[in-house]
Each structure stands twice: as structure tokens, then as C-alpha cells.
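The following pair of complexes shares a single chain, subunit A, combined with subunit B in the former and subunit C in the latter.
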Partner chain A sequence: MLRTLMPRTNRGRETLMALVFASPWFIGMAILVIGPFFMALYYSFTDYKIMGNTQWIGLENYRRLFDDDRFIHSLKNTAYFTVLSIPLSLICSLAAALLVNRPFRGSTLARTTIYLPSLFGGVFVAALASQVFSGNYGFANRLLRLIHIQGPQWLASPDWAKPTFVILGLWGIGAGMVLFLAALQSVPTHLLEAAIVDGANSLQRFWNVTLPMLSPAILFQTILLLIASFQVFTLTYVLTSGGPADSTLFTVYYIYELAFKRFDMGYASAASWILLLLTFATTALVLAIGSKYVYYEFDEESDR
Partner chain B sequence: MTSPPAPLSDVVTGQRSRLRNGLRTFGWAVALGIVLLLCLLPVWYLLSTSFMTRDQFFQRDIQWYPDPFTLENFRRAFRIVPLDRYAWNTLQIELLVVPATLVTASMVAYAFARLRWPGRDKLFIVLLATLMLPPQVTLIPLYVIFRNLGWIDTWIPLILPAFLGGNPFYIFLIRQFMKGIPAELSDAARLDGAGEFRVFWSIILPLCKPVLAAVAIFTFIATWNDFFNPLIYLQSESKKTFALGLSSFTSQYGTDVTALLAATTLGVLPPILLFAFALRYFVQGITFSGSKN
Partner chain C sequence: MNSYWGKNFTRRSMLRSSGKLVAAAGLVGATSQVSRFSPEARAEVLAKAKAFQDRPVTITAIQPVSPTATSDDYGIAFQEVYNRFMDAYPEIGVEFAYSPWEEYTQSLSVAIGGGNAPDVATWIDDQRIPSLAANGFLRTVNDLAAADGMDLAEIDPVALSSNTFAGNVYGLPYYWDDRIFYHNTDHFSEAGITTPPTTWQEAVAMGEQLDIKDGDSYARIGYIPLSPAGGPGAGGNSYLFLYGWQNGGRFVSDDLATVTVNDPAIVEALAWCVEVSDKYGGAEEQANFIAQAARGTNPFLTGSVSMMTQPTGFGVGSVDASEAPVNWAVSASPYNTTPATWSGVLSTALPVGSQHPDEAWELAKFMASPEIQTYFAETLAWIPTRRALWETIPAFATDPELIVGLAEFSNTHIRPPLPNSQELWDEVLRASDAALYHQASPQEALDKANEIIQAGLDKYLLNS
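Take a look at the complex of A and B:
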């Protein structure tokens, strides 16, 4: 039976086999990605409360969102976190990679140590942070008191809660460091040697050789961080529930509240579509700006 | 730690003074020391307070190590929430998710890496694009679908994606690895009359062991640490995963802090142990493959 269905030509056979092999992904795309993607778009034009029936209300949800102060506030919080955390993350992970890039005894141990915090899942980081950054008797403030600094109230302070989240993000620079380490290892030594022969000092070498060679990795890491920083959720859920004074109310957490506490599914879907469009727009902007500065080396050896 | 060798520039120019070199190495060591300290201090705090008595924990001065040493926090942690139940639940989920991801992700990767078919390259770009899709967009419809199917408060929503290719990033990783295997190997097997499944299972997959090991470990750790999906889909205490169960600790009035930290220590242990074990395995794999050539 199956045999008669098999196309005769080799090419047709290969295509059929490919469809069989790729079928899990096709099914997954249809039922887990594309279907839900358009369903969310449809819900965003409806009044849908899970119980009761769905009513088409056109752009009403979107109009409501623009008047929703908490939604606008959550977008501002997300933007603040993104703008603060991405440059800091990039600089710190690149610096860490440069520190451990040279050969020394214990380099594997040093790299593993810096990567270690990245193995901590969000909820575990949050549990630990709840004690490290808790007011006066938290570990952070006890440490600061050793050097006679009166620390802030961290998570309990509307001014400091977001910066505390940024610090928690920086604890996980290990993943970025690994990426930059791999990129650093592929910087061709002949370029660095040529720069030395030309009399460039180490700063000039970093700025004119290493950094351009790293630029594709930097752009890639920026995009990854960007998408992740639009997704902050677990820290808010476990540590602050959006507070104090909505200072850690990030958009994904607000969407969660709308959908799973108030069961306002249509409204939450509209909010998620706005966030999606903002994510795409920002990613496209970063790619457009980035592609101007990114240097792709034409590699003669691997381009056979 | 010994000092790093002199930078290449010194070898070439031979002019830099020893003093300047020494200062530079000193600065490097201090910077590295600070970074390592910042990474390790919170870990040390977590570990040491897990073994501290509550009396010591609430002392006014900073406490560097447990004195006296106690396991009481762990005992209380298990009494407050069923940590063993949570851990066992997560392991059962892992037992399905990890093998399913390995099989389906490598099947899909095989189609993209080693078979020629119309539209392949365009669809591969689609696959990469889905990496950028924020998961909360599909979240609400998926919740509605799973709800209508009666799958809320079951593990099915957590497991099903693994049977459908899993995270596209892993498909990408395996595909890149498979691309590097010479075409002659599978062509020779096909000439000998092996079917496509045979080529996939007996020729290509065994060669992919290093990347499959990496994907297995990443999948295990990501599943262990996943908080969002269990939070959305699971309700009963008896079904919660470890990561989700830990959060019921903090939501309780008057959290037992040292017990919470003891539970956190237990929670970060599996990923760390797995990673430590895998590190050795990875290094070994590299050494072996190097010596063969």
C-alpha cells in the first residue's frame, strides 16, 4: 500500500522522506505556533472572558489599552529595564570574557565559576534574592555595612526595585560570556600580530581589531537580550508582584494578571499583540542599526 | 593561579618595562578576583545559611559560615512542602521530555541538514524566526485550547511540545552539527540498500552523540528551571514541579527563611551536578576526538 504511494523519482522520494522527518515540526508549527498566533489576533478584537460567549468588539480593546495607565506604565518599566540592562549586560559579559580569555592555570575553573549563576533558574534566583536584597538585614546590606555604606531598601523601594532586577540579571552574564569567549577564540591571530607589527597598543588593537571581529556576536547577543528583557516575569511574580507602587510591573506580568487573574482574555490578547509588535519593531531597529556597524569577515579558507 | 604569559606585543617589541607588565598582571588578577567573588558570594551565602540555625541566621553581625552546623532546615523544608514529591514529579516529566526532544528534534534537523526538498531553506529561516517569537503571544490561545481538551492540571501541556520538535534552537544546533558530517557516509549506506530511517538511525545519529548530549543537558536544565508553564497549567499540590513548588514557600505568611534557602540549595543542585558531570564528559569527548585524528 505504502509502496504504491511512493513517488517513482528519486527527487520525489527524497521530498516525501523529508516531509516525514520534518513532520513533528510541521505539526508543532501548526498547532503550537501559527494557529495560536492568529487566534490571539482574533481574540484581541473580542470581548472574551472564558466563561460565557465571545463578542466581536473591533478595536475596543486596543482603544482601552491606550487609556490604561497601568499598561502604559508597564511598557515604560519594560523600556527602562531594557535600556539599562542590555548595555550593562553586554559590557560585563564582554569584560568577563576578556578576563578569562588568556591562558592561565585555573582558567577552566574561573570560566565555570562565572557561568555557575547562569545555571540557577529564575525561581531559585528569586528565592535567593529575596534574602540577599531584603532591607536592612539582607546579605547585601550587611556586606555594605562592613565598608560603612548604608544600603538602600532594594526590592522594597520604588526607586531601587528595578535597578535590583538589573543587578540580578547581571548575575547571569555567564551565558553571554560563553558566547563572547567562542567569538574571541575565532579572532585570527594574524590580524592581531599585524597590528602589533604596525605598532598598535593593546587598546588600539582591541578597538580596531578585536571589537570589529566580535561585532556579529555582539549583535546576536543584543537581540537575545532584547527578547529576554521583554519577557521578565518570574522575578516579578516571586519577589514583588509588580510592586512597590507598580515599579516592577512589567508588561508580561501585567498580561498574566489580565489573563489569569481577571480572565479578561480578549483584552490580555490585545496587550500581548502590542508587546509582540513592539518586540518586532525594536528588533528590526537594532538589526538595521547593527548591520551598519557589524563587520563580517570574508573567510577565504572556509569558503571553498 | 600562576601569572599569565607575557602578551605577544612584548615578545615582538621587547620594550615594555617589567614594572608595567607586573602592574598589568596585578590589575588583571584583581579584576578577575572581584568578578569571581561577585559570582561566588551569593552561592556561598545560599550554601552556608542552609546549614545555619535560625538563631545564628538572625544575628545582627554578618555570619560567614554555619556554627553550629545543622540539617534542621532541610528537615523543616520537607515538612513545610512536599519537596520529594515535587522533585519526583519533575523527574517524571524530564523522563518524557528529554528523550522526546532528542528524537523529534534530530528527525527535523535531519530533514533540514541532509535531505534536499523544495522550500527547505525558506522554511529553515521560518524556523529561526520562531526563535524570536515572544511566547506570551501564543500563551492565551494555547491555554484555551488545552483547557477545552481538559488538559489543565495535567502534565500534557508541559510534555507535548517535546514530541513536536521541542525548542527550535535545539533543532538548529543539531542541524548545524549534521551538516558537518560528510555526505559520502550516508550515500554509501544508501548504495548498500539502507533506507532513509536506517541511514538516520544507524549512521548519522551515532555520529551526533556530542551535540545530542549537549541538547539533552540543556533540555533537562531548562525543564527543571521552567517556572512559567507549570505556573499556568498546574494547580494541584500533588502535580507541581520543583520550581513551581518552591514558590508556594515564599507565598506563605511568615516564610521560614532558612528552610526556604535549604530548599533552594536542593533546587539548584541537579542542574549544577549535571553540568559538572557533563563538563568532564565534554572535555573528554574533545580530547578523544582530537587524538584519533
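Take a look at the complex of A and C:
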């Protein structure tokens, strides 16, 4: 019986086996991601509150969102964080990759040291940050005092709390560094050699050869960072609960408050879907813009 | 009313002489560093709990404390209560499910909504009960009490009203506190101050006498009424609710249908809090002061702040148990137009969908019983919601902190039990922060809060 169900070609059998082995992921994806994804879409059109009857209210939740100052404020905070943190993370991770790309004594240790922090979870980073950025008593301001600079109040200041979060985002540059390292290793040496023959200095070689060859990795990393920035939550949850004075009220944290403090699940679902659509639209925009500037060495269209 | 207990009667000296130490609790969880339970006593409680395994019926209690060999006293005290319950009910076992306090509402609501409700919520406060009740997460208990012959009139009506929503009672309160005024008696002696303040104006003036400046910043702050939420602020456990009531304000109308957090008296109270805060450099500078002078802990414990509002039990539970305890005394909170304080209430509530509702009710009833409230009072210095017990507990007649705290219950308020009680709390705190950080004027901040809370309340009233 089983034998009759097996595909007759090798390729067919391989495909079947691949699907069988991948099936746990498919099942998990269906139950834990796809299911909730569409359930949240349905609930966003209802007054779902976990308990009691769920009533269809059409677009009412979406209409409320546009009148909700705090939701708009949370979107602005998220945009601020995204716009600042992505370029900074890209620059720092690329700089780290360039620094440790060439073999030197201790380069492996340097790579490991830069990568290691990205393995620690957000809660660990938050706990550490509460000590480092704790007013004048914190490590950051002590360091600044050594060079006669009076540091800000960091997490206690509505003006500085978001920039502090941006700085904390640099904790994970190790992952980006690994990506850029791999991309740097694949920059064709003949192009760099040709540039040297043409008399290009190191800055010109980086700008005209290395950077274009890294552009696919930069685009990929930008999209990863973009999605992560839209989902920033842990640091707010552990460190500030959205404060001081709503300065770190990011959208996912606001959604959490709506869902689990106020039980307004339908409304929270609508907010989640708006965030998802914004993430999707922004990613599509970045891809559209990026495709004009990204250089693919083996792109068939480019080769023509 | 404004009882004053001088240096000769400080609680610490009394404790030393009596050789007893009890741990007390603010609702936010003051942690005792000196345990009332010896290692042997802890081991005994935990061993006894193990011996009760494999009962015919086992009920699950969700709580933000856990009993271990090194846990705080609350976890051990709760396990001892469960042990006594299991002694009294041989057919029923009790096991606990831990949830951190910050995630308690989330854990409980998700478990109930997911069809995996714990049988009983044994540590739940008055801020959460109305909101959980309004959203259908809790069972009523007044009908169960009536059927069981339990007289709810034996429980203080104010404490009980905090759990009452739409005419039904949703939790059996077993403990409550109120806010009183703590001051450092050494600082008072240094400054030649002999009695604590009775009004806001006196508190601010005495605070200035007690301040110690170090260049442009402060080495010691005498008094700040209100700090931003979410940290060990110089303002202690006070919140705008306290000052609103002390200025004659009302947060909600009597029929609980109209929100009035922008009542002129409350706006005025917030403006006063901001004015005093600004005198000390504003909220940001105070955060720095806390970080520097108090190293992230409560600044009263390090002698960095001379006067502070805290729940009854703070003195013996936190100040005396701190690494370098300060000498302190207590009095009623200073006020502006109206003597007032406010209470937090802890209760046992019954989640909807419990697997063992009858056994869960027995535990809820047991925890509110005179026996257990007396045990909590003697062990943790917790104040019973059964007022009749106050006269039977010796420490309540001799302990200065408790005497002031008990007297102040005549002026106490509870947070209005609105269906959006969590929203009321969050928005009032948010408005306070916005004003303290000068993101909005007190009037603007409270107008905005009023609008949001009223909208939430209207939504509920419309649907009900």
C-alpha cells in the first residue's frame, strides 16, 4: 500500500521526503502563526474581549484607531526608533565586519567578542542597561565625567529615553557583522585588484567596489532590522513600561496594554493589523527603492 | 488623629527589646531581608506541604509569591495557610501556580480564556478585581456566601466595596493597608523639629529645613510628595489619588457613571505636587538623585529622604529590615483641606471555569476566616479586614506604626471600582507623569485622562 503511494521518480521521492521532514515546521507554522494571523484579522472586526459573546462591529476598531492619540503617538515613537536605529546598526555592524575581516592576531577572538552579546536575550540587555544608564550613578555618566561631560538622565528623561533605546539596539550588531563578514569574503578579488591597477586608493576601492558588492547584504540586513524595529517590545516592557511620559511607548507595547490590561482584544487585533500593514508597506518600499541601487553580480538582467 | 510617636517609642527599639521581628507588606511587595521564619521553620512548612500530595481533589491557586527555602516570608506564610487548610479538609490538596505580579492579570485572563483556569486566585488586589469582574473572568461570591451561611457583614464594608461591582461581590478580602507618614527621627532631631507636619504647607516647610545641599545638587531631600511612576521615587507609595482626596477632590461620581479626575481640587493637588517637584530640579533631577544618593533603592532606607508616605507596615517590614536601618516614627499623612488616606486591599477571587469550584470556595472562605486573618496579622503584621479582630491582636494595641495606621482607617478611601479600573489607575499615573515631566499642564494632562477613562466607562455602560 505504502509502496503504491510513493512517487516513481527519484525527484518525486526526494520531494516527498523533504516535505515529510519539514512537516513539523509546517504544522507549527499553521497552528502557531497562520491560524492566529487570520484569527487576529477576524477579531479586528469584532469587540472580542476573551470572555463573553463576540460581536461583529465592522470597521469600528479601525475607525477608533485613527482617533486614538496614544496609538498615533506610539507609531511616531516606533518610527523615530526605526529611522535612527537602522542606519546606526548598519554602520556599526559593517564597521565591525571591516575591522575583523582581515586576519590579524586575535581576529577570531575579536569576532567572537563582538558576536557574543547578540546571543544574550533582551531581558539581560535590559537588566544591564538599567545599571549602565542609571543617571549619574550609572556607568555611562561616570565614563562621560572622566572627559568632563555631564551626561543626561538617559532612561529617566523623556528626551533621552528613545535615543538610549537606539544605543541599546547596538547590542545586537554581532549578527549583522557575521552577515557582512560573509558578504565581504565573497567580494571578487579580481575587481579589487583591477581597481588597484587603475590607481584607486582604499577609500575609492571601498566606495566603488566593496560597497556595491555588499549592497544585497545591506538590503537584506536593512529589512531584518526594519521588521525587528517595528516589533521592539522587550526593552520597554522590562525597563520603562512606556515611560517616562510615554516617551518609549512603542506600538507593540501599546498593543500589549490594550490586550492584556484592558482586555480590548478586538481593538488590539486591529492595531496589530495596522502595524503589520505598515511593516509590509515599509518593507515593500525599501525593496522597491533598494532594487534600484542593489547590485547583483549574477543578475541575469544586469548581465544582458 | 495625628498621633505622634517619638524616638523613645520607635518600632525598632521595641522590636529589639521584644526580640521579635515580623515582616510586613505593602501591596507593591516590600521585601524583608530578615526573615520571621527560621531555616528550620521554613523546612518544616515545605516538608509538610509535600506530605499532603495525592489528595482525591487538588486545587490550583495562582499567586505572585512562591514558597521556597530562600523565598520571602509571604510565600512561606501562604504555604502555611494552605497546609492548615489541607489539615482541615483531608480530601482537598492545594498546589500553587506562580505568576509575577506585573503579569498577574495577563496570566490569569489568558488561563481563564484558554479554558485552563486556576481554581482560585489567592492574591489579587482591588485595582484588578472590578476590571476582571466586568470582563467576565470572575465568579460572584456573595451568592456562595449567602448559601453557605457566611456573614459578609463581618468584613469591613469599605474593604468589601472595593470588590463589589454592579451589586455583586467578586472577592473575599483578607488584608488591607492604608498610607501613613514616615519620618526620620534623627533628621528631625538635627533640625530641631519636634513634631511631624500636619498640613502640606508644614511638610514642605519642614522639608526645606531638612534639605542638605551639595553644590548645585542635593545630598538629602526633606520631602517630595509625588514622584513619577515606576521606580523607587522620593515621593514614596503615595500617587495622585492620595493628594486628590486630601484636597477634597473626587475621582468619580457617587453613581460610578461620571469620571471626574479633572476635578479642580485634583488639578490643584497635581499642580502643587509639580511645584514642589520643580523646586527640587524636576522629575529628571530626582531620578538622578535616587540613582546617586539611594543607589536605586528606596531613599528613605538610606537616609537620603527625611519624610515619606508609605503603606502601614513599611517601617518594620522594610526600614528595620534594611541593611543600615534608620530611626523612624510615624504620623497621619499631612493634608490640605481634608484629612484622607487610601487603602489597597488583597483578596481571594474565584475564576470562571474552575475545575473544582466548590473546593475553591472552601479555600476562599478559609483565607478570609478569623483564624487565617489572625495568623497573617501575627506573622506578617497584615491588617485584617475583619475589624472585630483588631482588638484581639496584642500588637495592634502597642505597636506605634499599627496604632497610627488603624486610626487612619477612619479617613481612608479606596480606588473607585470601575469596570475599567485598570484604565483609571494607568491614566491617572500617566497624567501625573506628563505633568511632572512638563509634557502637559496639570489641567491638560487630567483633562486628557478624564476623556480616556470616561470613554472606556461609557463603552462598558453602553454594552451592559
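FYI, the second predicted complex is superposed on the first by the 273 of 304 C-alpha atoms of A that agree within 3 Å, B and C clash if a C-alpha of one lies under 4 Å from a C-alpha of the other, contacts with A are read in each partner's own complex, and residues count from 1 in each chain.
Basically, a contact is a pair of C-beta atoms (placed from the backbone, for glycine too) under 8 Å apart; a residue touches a chain by one contact, two chains touch by 3 or more.
It should be emphasised that the depicted structure is a prediction, and the values quoted were computed from it without experimental measurement.
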item	value
Which of subunit B and subunit C A:I50 touches, first, second, both or neither	both
Partner chain(s) touched by A:P117 [first = subunit B, second = subunit C, both, neither]	first
Touching partner for A:I72 - first (subunit B), second (subunit C), both, neither	neither
Touched partner set for A:T279, first subunit B, second subunit C, both or neither	first
Touching partner for A:S157 - first (subunit B), second (subunit C), both, neither	second
Touched partner set for A:F260, first subunit B, second subunit C, both or neither	both
Partner chain(s) touched by A:P244 [first = subunit B, second = subunit C, both, neither]	second
More subunit A residues in contact [subunit B versus subunit C]	B
Residues of subunit A contacting subunit B in one complex and subunit C in the other	50, 137, 260
Touching residues on subunit A, where the partner in the complex is subunit B	11, 14-15, 17-19, 21-22, 24-25, 27-29, 31-33, 35-37, 39-40, 43, 50, 95-96, 99-100, 102-106, 110, 112-114, 116-117, 119-124, 126-128, 130-132, 137, 139, 142-143, 145-146, 171, 174, 192-193, 196-197, 201-202, 223, 227, 230-231, 233-234, 237-238, 252, 255-256, 259-260, 265, 268-269, 272-273, 275-276, 279-280, 283
Subunit A - residues contacting subunit C, complex	47, 49-52, 69, 134-138, 153, 156-158, 240-241, 243-246, 257, 260-263
Subunit A contact footprint on subunit B (complex, rising order)	1-5, 7-9, 12-13, 28, 31-32, 35-36, 38-43, 45-46, 49, 58, 61-62, 104, 107-108, 110-112, 115-118, 120, 123, 126-127, 130, 132-145, 147, 160-161, 163-165, 168, 171, 196, 200, 221, 224-228, 231-232, 243-244, 246-247, 249-250, 257, 260-261, 263-264, 267-268, 271-272, 275, 279
Contact footprint of subunit A on subunit C as seen in their complex	105-106, 109-110, 112-113, 131, 135-137, 228-231, 283-285, 287-292, 295-296, 352, 420, 422-423, 426, 430, 433-434, 436-437, 439, 448, 456, 463
